[in-house]
Every structure is written in structure tokens, then in C-alpha cells.
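Next come the structures, one after another.
In the two complexes that follow, subunit A is the common piece, with subunit B as its partner first and subunit C second.
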Partner chain A sequence: MRVTQGTFSFLPDLTDRQISDQIEYCLRQGWAVGVEFTDDIHPRNTYWEMWGLPMFDLRDAAGVMAEVRACRETHPDVYVRLTAFDSTRGWETVRLSFLVQRPAEEPGFRLERTEAEGRSIRYGLSAYAIDRPVGERYKSKQANAAQGDSP
Partner chain B sequence: MVFPEMEDIMGQMGNFTKIQDAKQRYKSGVIPYATMGYWEPDYQVKDTDILAMFRVTPQPGVDPIEAAAAVAGESSTATWTVVWTDRLTACEIYRAKAYRVDPVPNTGPGTATEAQYFAYIAYDIDLFEPGSIANLTASIIGNVFGFKAVKALRLEDMHIPIAYLKTFQGPATGIVVERERLDKFGRPLLGATTKPKLGLSGRNYGRVVYEALKGGLDFVKDDENINSQPFMHWRDRYLYCMEAVNRAQAATGEVKGHYLNVTAGTMEEMYERAEFAKQLGSVIIMIDLVIGYTAIQSMAKWARKNDMILHLHRAGNSTYSRQKSHGMNFRVICKWMRMAGVDHIHAGTVVGKLEGDPLMVKGFYDTLRSTDTKVNLQNGLFFPQEWASLNKVMPVASGGIHAGQMHQLLDYLGEDVVLQFGGGTIGHPMGIQAGATANRVALEAMVLARNEGRDIRNEGPEILRDAAKWCQPLRAALDTWGEITFNYTSTDTSDFTPTAVAV
Partner chain C sequence: MSIPGPAAGFEAASAEVIDLKALQADSDIAAPMAELDRDLVGLAPVKQRIREIAAFLLVARARERVGLAAGPPTLHMAFTGNPGTGKTTVALRMAGILHRLGYVRKGHLVSVTRDDLVGQYIGHTAPKTKDVLKRAMGGVLFIDEAYYLHRPENEKDYGQEAIEILLQVMENQREDLVVILAGYRDRMASFFVSNPGFRSRIAHHIDFPDYDASELLAIAELLAAQSDYRLSPAAREAMIEYITRRQQQPSFSNGRSIRNALDRARLRQAMRLYAGNAVATREALQTIEAEDIRASRVFAT
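Moving on, here comes the complex of A and B:
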């Protein structure tokens, strides 16, 4: 499956050039851009790990791209997103957030149903990958092949 | 009411003086409203006053000033004749004051429309109960619209002072928190109304919901008249819809929602439905405008208390908001609904099948979304409005829109809007999922291009065609609806040309 969180997930994965253009847009709006990553892709996992603080005083997209690349190199097999923060009164929130890396394989989510009173059902959603420990949840195809392990 | 003995003083506009001598003022009988104290051209508006602007079409022979004063009188303290009991009160304060009357451009002799006037009226804040839309409206639109001295009357705009705004909760959730909860930023949200709107069983209904959400929509919606009918009772609908929502969340990893309409015959039934929606884990419920202002405020309080987004379908509004001479402008409904506390409201598409002049729609959207609205006569905003940190309402654009208009929709409506493609999703030749995907791809491609600095208004069709090269559902959507437009003249249009001077 393909996780479609983030603003541009229905488009083909963005090229670095396209990512850079979006960063430029954020900086023109006066937003601070931060890099975040996670291997827990539950739709209500709000707090992804921060790859450093949002870059408040940066005015050059190349600086953000350098952090994106560094984060990808350190965490090649997890989800990485860019998040743009707007401090303007009346907003003071995220204004744009999109994926800039996803694992090679996305095994998807298990939907648990528990029968409750009447015909009600309590639903529980969990990513199949979450059953493994942090740091081992998503592995690249090569790594899996090398270990003879299927995801 | 027009009395023959008053006709001699109704000749010329503006020829009225407030009677200062108390004995003469309170002599039993009938005197013009304009001399009773309801016309005060020198009145200094107070920061705490509530202001209203009416479009007045006086009856033949009625002076516009007297008509304006009559509106002020009948919407505040007056009755048709002098009453001595006024003198037991601080009546000078409680009287609403008409303080300005302007002829409406392009009306009157030499035009196709009979003479109309914009009447500005100030109301003291103590005329109104804090936190009650019902009380506010009982005065402002209560009796006065049937008043004989005016042939037609339309409430065009209001200014609500901060002091009064702060007595209202405002939107239960607001745009900012809605986006944070849904984890969706930087693009319009996408929705669709299940069709056919009546007749599906709960099980078949949920199928439409699942397909549309899995295909890429964020929300699906009950229609305004889906409540609890013989073909589908409400509990059945809720259960199947939540199965669809949860399945779609698992299929996409995104937060999804279905607006479960809780509209019912009594508040008790609405609360029961809302509680069940909450129990099932829905992020959003919906109500119809026809349930009434008090019921809307009650549901807004419930929604705030229960972490629920509250969608309002403006069912019924066109009965009084569409015609230009009589009723009320939709921008006033927008103001009241932001005060009453809804999170979503249908506010026009510009390009779709329903009424919506671009300038007017811009005014509605600004009223719902901005923190501080400036006077803009072209857009129908006659007063500035500081919103005193009341949350923003997400406008919803719904009715006859399709993927081929995505550049226009984003250009006219901006990104803080729910775009609802009902027929444009469910009527897709390749099925509902494909219809949803076409809309989502068109939307994301357009936002990406806009952010890249491209001129989407002109390059929009090309951007869509490029995306359609790799997205077959979008190609099919453009082939089916690409040329469909709804070009009818709007009835609710701006009175001011772009060269009008702001007050």
C-alpha cells in the first residue's frame, strides 16, 4: 500500500528539485521549515522525531535540503517529512507538511475489530511494521535480502 | 404604516428634526418615527454599538429617512403610536438610531429598479442578551420585515462589537485545530456528498463512503435531508459509515471522516445521535441550518465539549438570502454562524451550479476566515469587523464542481476550504474510487504548481492535462466534464463598481 499522509502523496514522489521549490515557497511566506522522521506511521502519531529544530532564521532552501539529505542518510528506511510552521497571529500552526522520503516497502495497517454492545464495533488501527522494535521496522530491500528476512 | 396626515412632512429626504420638547414628544397620537428620536444624523457611533445596514425600498410616498427611522424603531423600542411608558425608562439609550441613509447606486428614476436606500442603524449593546443569536435576531429581523411602510427590506451587513462577540463561544474547533486534528495542511480538504441522497440502505450507503475515502477524499457527507427515514434509520447509517471510515483509514494511513447528520425533530434526539457518533469514534458531525439558531448554538457547545468538528449545511438559506431586494444577505448568516459556533458552512463555489457571484462569495469567505475584515464595498462588506480571536470557520464549496475547474477553485477560494465533489466523484466513468483519485491528484498537482510560482489561473488547464498523462482517472474526468460550466447571471450581485470609493 501507499501511505498518503502529507500534502503531495497522490503525486509521484517529489524530486529534490520539486522539494526545493516547495521549501522556497515556505520561506517566501516567512514560515520556518523543520525536518521530522518516524518509523511509527499511525495517522494519529503527531510527534515524529525532530531532525534538529525548525530552521527559524534560514532564508535559503539549500540549507534545508542539506538537512533533508543528512536525515535521509542517517535514516534511509523510514518516513521523513518537511513541516512548515507559521507564527502569524490567527495561525500559529503548521501550514504545509509533506513527505520527502518513504520506506521502500510499506506493509500497511492491521484493522482490529472488537465487538461491543449492540452492533457497535471498537476499531484499533496499527501498522504491521510497529510489531518490530524501533529502528528495525522498515528495512530496505537489499538489507532484507542480505539477511534472508522478508518484511 | 403610512398615515395621510404624515404625507406633508414626507416630501423631501432628510427633512426631519427630533422633537426635543418632552411634552410635545409624548403627547398621545401618531408622529413620524424620524421625529421620535429614531433618526439621528449626528449620532456618534459608540465602540460597543451593534450596527446594522438595511437595504430599504420605501412604499410609494414614504420618505426614505422616515422608512429608515421606522426600521430602527420597529427593530428596537417603538410601536406605531406614542406611549407614555417610554418615560419610565432611559429610552434615549434603548432607541435604535438610524444615522445614515444613502441612495443605492443604479436604483431609482432612470433605472430598471425602483429607488432603494442603504439605511445604517446603531443599537445599544444593552438591547441584547449576551451569547444569544436568538435574542439578537429577534430584534434585528424580528418584526420589521413585515412592516407596511417598507415595500421590501433586506439586512445587508452587521458590525458586531468586540464586547458582544466575546459573549459567544465561536466555532467549536476552528480551521487551525481542525487541520491539526486531521493532520492535513497546505491544501483544500476534499469531500463528497453521498448520492443518491435518498433511498440507499445503510449497507449500500457505506459502500459509497468507503470507495470515496479510499480513493483519496478526506470526508464524505450526509446530505441535508438524510436523517432517519424508512429506507435507512440513523443508527444503521452511523454503524456502516464508521466501518467505511475505519477501513479507509487502514487502507491509506490517513485520518478520514464522514459528516454524520444529527439533525432530528428534537434536541434530545440530536444529542442522542451526536453521542452515538462520538461513541463510534467519528471526528465530525453535521447539522442543518433549519434546526434554528438556538439548536445550532447548543450543538456548538456540545461539539466543543466533545472534541467534535461541527459541519453546518445551509439548508433553507436561499429562501431569504438570494433575492436582492428582500430578506437578508448570506454574509450576515456567515457572521451569525461564526458567532453561534459552527466549524464548516457551505458558502458558495463561484463556478458551480448554485448561486454565487465571485465578489459576493469573496465577501462571505473573508467573513468566515479572516481575523480582521476591512470595509470592502465591492465584496459587500459595509463595516469593518475585528473578530476578537473567535476561531475561523472553514467554508465549504459544494454543488456542480469538478476536477476540470481545480485551478479556478484554488484561485477563487484559496486553500482553507472544503471542496465537495459529489457528482464529480460518484459519477466518474471508472467508479467512485477513480473519481476521488482524479480530484485528489488534480488538487495536489494544482497546489504544487501554485507554490512553485506558476500562474494557475492561466496555466491551470495545461497543469491538469500534464497530470492526466500519468493519472488515468483524471484523464477520464477531464474527458467527461472538462467542458461543463454553469454560466448564469447571479441575482445577488455587488452594488458597487470597482471604482467605488470606500467609506
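Moving on, here comes the complex of A and C:
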């Protein structure tokens, strides 16, 4: 199941050129762009791991793109997103956030029903991937099998 | 003007004619070059080299248009020269010129020294250097007194780490930023000897000559005019004498010495007007008199 999150979520994945143009837009607005990644893609998980600090005082997208590439190289099998933080008083929040990498296989989500008081039911979502330990969640099956063989 | 057609076998391309003058008008390069001529006194070899670089970039763009090989040229530069010869000023102009030529995308200048690049403890240097490089992307990174990066007396110095990261980015991201190193001539020479990687990655070594007395006078008058002052004829004479005397003294730093002298003369002029208790005319407010300059320590001996 293709995860859709953040701005541009219903567009096809952006190319590097398009990502670069979006970063240019963010920098023109004076926002600080940060790279974040996670392998726990629950929609309510707002706390992703930060790939370094958000980048302040940048003038050109090339610097951010270098970090995006470095993050993809280190974590090829997880979700990576860009966040653009607006520090203007009154906003002080993330103004734009979009995915720049997704794993090759996205197993999707399971609907969980929990019986509560009376006959009421509480619904929850959990990604199939989080059944596996951190670090192995979105690796392809072959990669996981190969890892299992090694002592 | 047209580019001569390439060798046989490229007939299709040779038919195309590129108007270099029109291309030049497009890139709006004439204005900054004229500014350079107007605002910078002397420095003939430097201006010549900048003109060459501008022409080269223009031709590179024309070549690209007719489909000839046009790899990004290496534009990293090293400015060497004595203090006060205008290295920083030219670097600042360079950012603007390269921007108008379309070679750097943003045209800002990030000016750093060793402290901004090299960390204090292990593991501190790489993030610091990378951070500076990221800020400079799309513009010009100006490293003043670059030879301090290399401390031969200390093998464990973190400067070497910064140098390696710099070299890597200078090589791999040539289209993203231009690095300009600056420093005094002799120390830069020994810096390049101990870091041959730098020497080979820098295409343009530009030497800034010292100014002679007449150029220094022109600088003084230009600086005065820029801040709405002018030298009275007697003050001009005094300035000429001041320059010849100052040049003989140690720690003479060309344009910078002149600027400082002028700043002090402005202080004395203010004091003179204030003490004189006269009604200050517009004329008096903008004129620096001979006595303002002759009060200098330089005339004491």
C-alpha cells in the first residue's frame, strides 16, 4: 500500500529536480529545511529521527540535496522526508513537509479492533512492518533472509 | 563576431552562428566590469584576469549552445598579495560577476577563516566544515588567510581534516560553489607546497601587486568622495607627502593604511570644526584640510 503523507502526497513521487525546486522555494521563504527519517510510518507518529540538525542560513538547495543523498545512502530502506520550519513569530511551525524516499516494499496497515466497555469497539491502525525489529522493517525479504543465515 | 566552425564532420553545427556580443548583453556582464574599472584603482593584472575569466565563461556558454563539449570549468581561485591590496574587495565583486555570468546560482559570498572551519575537539571539524560549505553552496566561499588551515608543526591538527573535506567538495561539486583562497604571497606559496592537492585544483592563481604612490592617492580621493568628503588642494599635497612617508614605515598595508589615515583625518576635521566654534558651512563640513592630515603621527619624525 502506497503511503501518502504530507504535502504533494497524492502526486507521483517527486524527482530529485522537483525536490530541489521545492527546497529552493522553502529557502526563498526563509524556512529552515531539515531531513528526517523513520521506519515507523504510523500517521500519528510525528517524531521522526532527525538526520542532523535543520539547516539554517542556507542560500541554495545543493546543500540540502547533499544531505538528502547522504541520508538515502545510509538508510536505503526507510521513509525519508523533508520538513521546512518557519520561525516567523506567530507561525513557529513546520510549513511544508513531504516524502523524498519510500521503501521498495510497503506492506500497508492492519485495522485493529479493541473491545472496550460495553460492546463498544475502539479502532486502531498499525503497520505490518512494525512487527519486525527496528532496522529490519522495510528491508526486502531476500535481505532479511540473508541476514538470518549469518550467525 | 562568430565562433569559427568546428572541424569537418560537424557541418550541421558549423552552420550555426552565435553572436557573442548579444550573449554578453544577455548576461549583463558589462555593468559589473565597468564598476570594477571605476571602483578599483590599479590592479591591472587582476582586472585582466577577471576579463579573461568572463570571456572564457561566455565562450563556454556559446560552445554549449552549439553542442560542443562544455564541462563545468574549474573556477576555484587563489588570491595572493600583501595586506590591503584589495583581495577581499575583489572576492566580493567576483561573487557578483560570476552570478551575472550565470556561473554561480545565488551570488552570495561566505567569508570564513580557520576558526569557522576547524573544530576544537575530535569529530567537531567535519560537521563545522560541511556546514560552512552548505551555506556557501550556490555562491562563493572565501577563505581568508587560508594557510592557517595547515599547521605543519602539529601533526594532530584538525586543519588537515577540513582541508580534505574542502578538496573533496571542490572536486565533486564544482558547479555548486566556487572557492577562493586568499593570503600573503610567501605563506600561501609554502601552503601550496605542503598541500599539492590544493594547487592542482585551483585553476586561477591571481597575484595582487602593491599600489604605487599615485594609485594610493587615487584611492584616498575615491574613498573620500565615496563618503562625501573632499581633500582641499593643500590637503592633497599633505596626503602625497603622507603616503611617501607612510610607505617607508613598517606594517604599511596599502589601501587599508590609507583608509585608516582618512578615518583619522575625519576625526580631526570634526574636532577642528567643533573647537573652532565657527558657523560650519556645507563647504567646511565636507572639506578635509591639510592640518587634519599633517597632525598625523607619521609627520612627527
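One rule holds in what follows: the second predicted complex is superposed on the first by the 136 of 151 C-alpha atoms of A that agree within 3 Å, B and C clash if a C-alpha of one lies under 4 Å from a C-alpha of the other, contacts with A are read in each partner's own complex, and residues count from 1 in each chain.
Keep this in mind: a residue touches a chain if its C-beta (ideal position, glycine included) is under 8 Å from a C-beta of that chain, and two chains touch if they have at least 3 such contacts.
Since the structure is predicted, the reported quantities are computational estimates derived from the model, not experimental observations.
Partners subunit B and subunit C fit side by side in the overlay (superposition on subunit A). When the two complexes are overlaid on their common chain A, residue A:96 makes contact with subunit B while staying clear of subunit C.
Across the overlaid complexes, the C-alpha centre of subunit A sees subunit B and subunit C at an angle of 90°, to the nearest 10. In the overlay built on the shared chain, the residue A:58 is in contact with subunit C alone; subunit B does not reach it.
By the document's definition of touching, of the two partners only subunit B reaches A:125; subunit C does not. More residues of subunit A lie in touch with B than with the remaining chain of the pair subunit B and subunit C. Of the two partner chains, neither subunit B nor subunit C is touched by A:15. In the superposition on chain A, contact is made by A:66 with subunit C only, not with subunit B. By the touch criterion stated above, A:7 is placed in contact with subunit B alone, subunit C being left untouched. Taking the two complexes aligned on chain A, the least Cα distance separating subunit B from subunit C is 16 Å. Comparing the two complexes, no residue of subunit A contacts subunit B in one case and subunit C in the other. Across the interface of their complex, subunit A is touched by residues 105-106, 108, 127, 133-135, 137-139, 173, 176-177 of subunit C. Per the touch definition, subunit A reaches subunit B in the complex via residues 1, 3-5, 7-12, 14, 18, 21-22, 25, 41-44, 46, 84, 89-98, 108-111, 118-121, 123, 125, 127.
Chain contact summary for the complex, subunit B toward subunit A: residues 176, 179-180, 183-187, 216, 235, 239, 242-243, 246-247, 249-255, 279-281, 371, 392, 437, 440-441, 444-445, 447-448, 451-453, 467, 470. Residues of subunit A touching subunit C in their complex: 52, 55, 57-64, 66-67.
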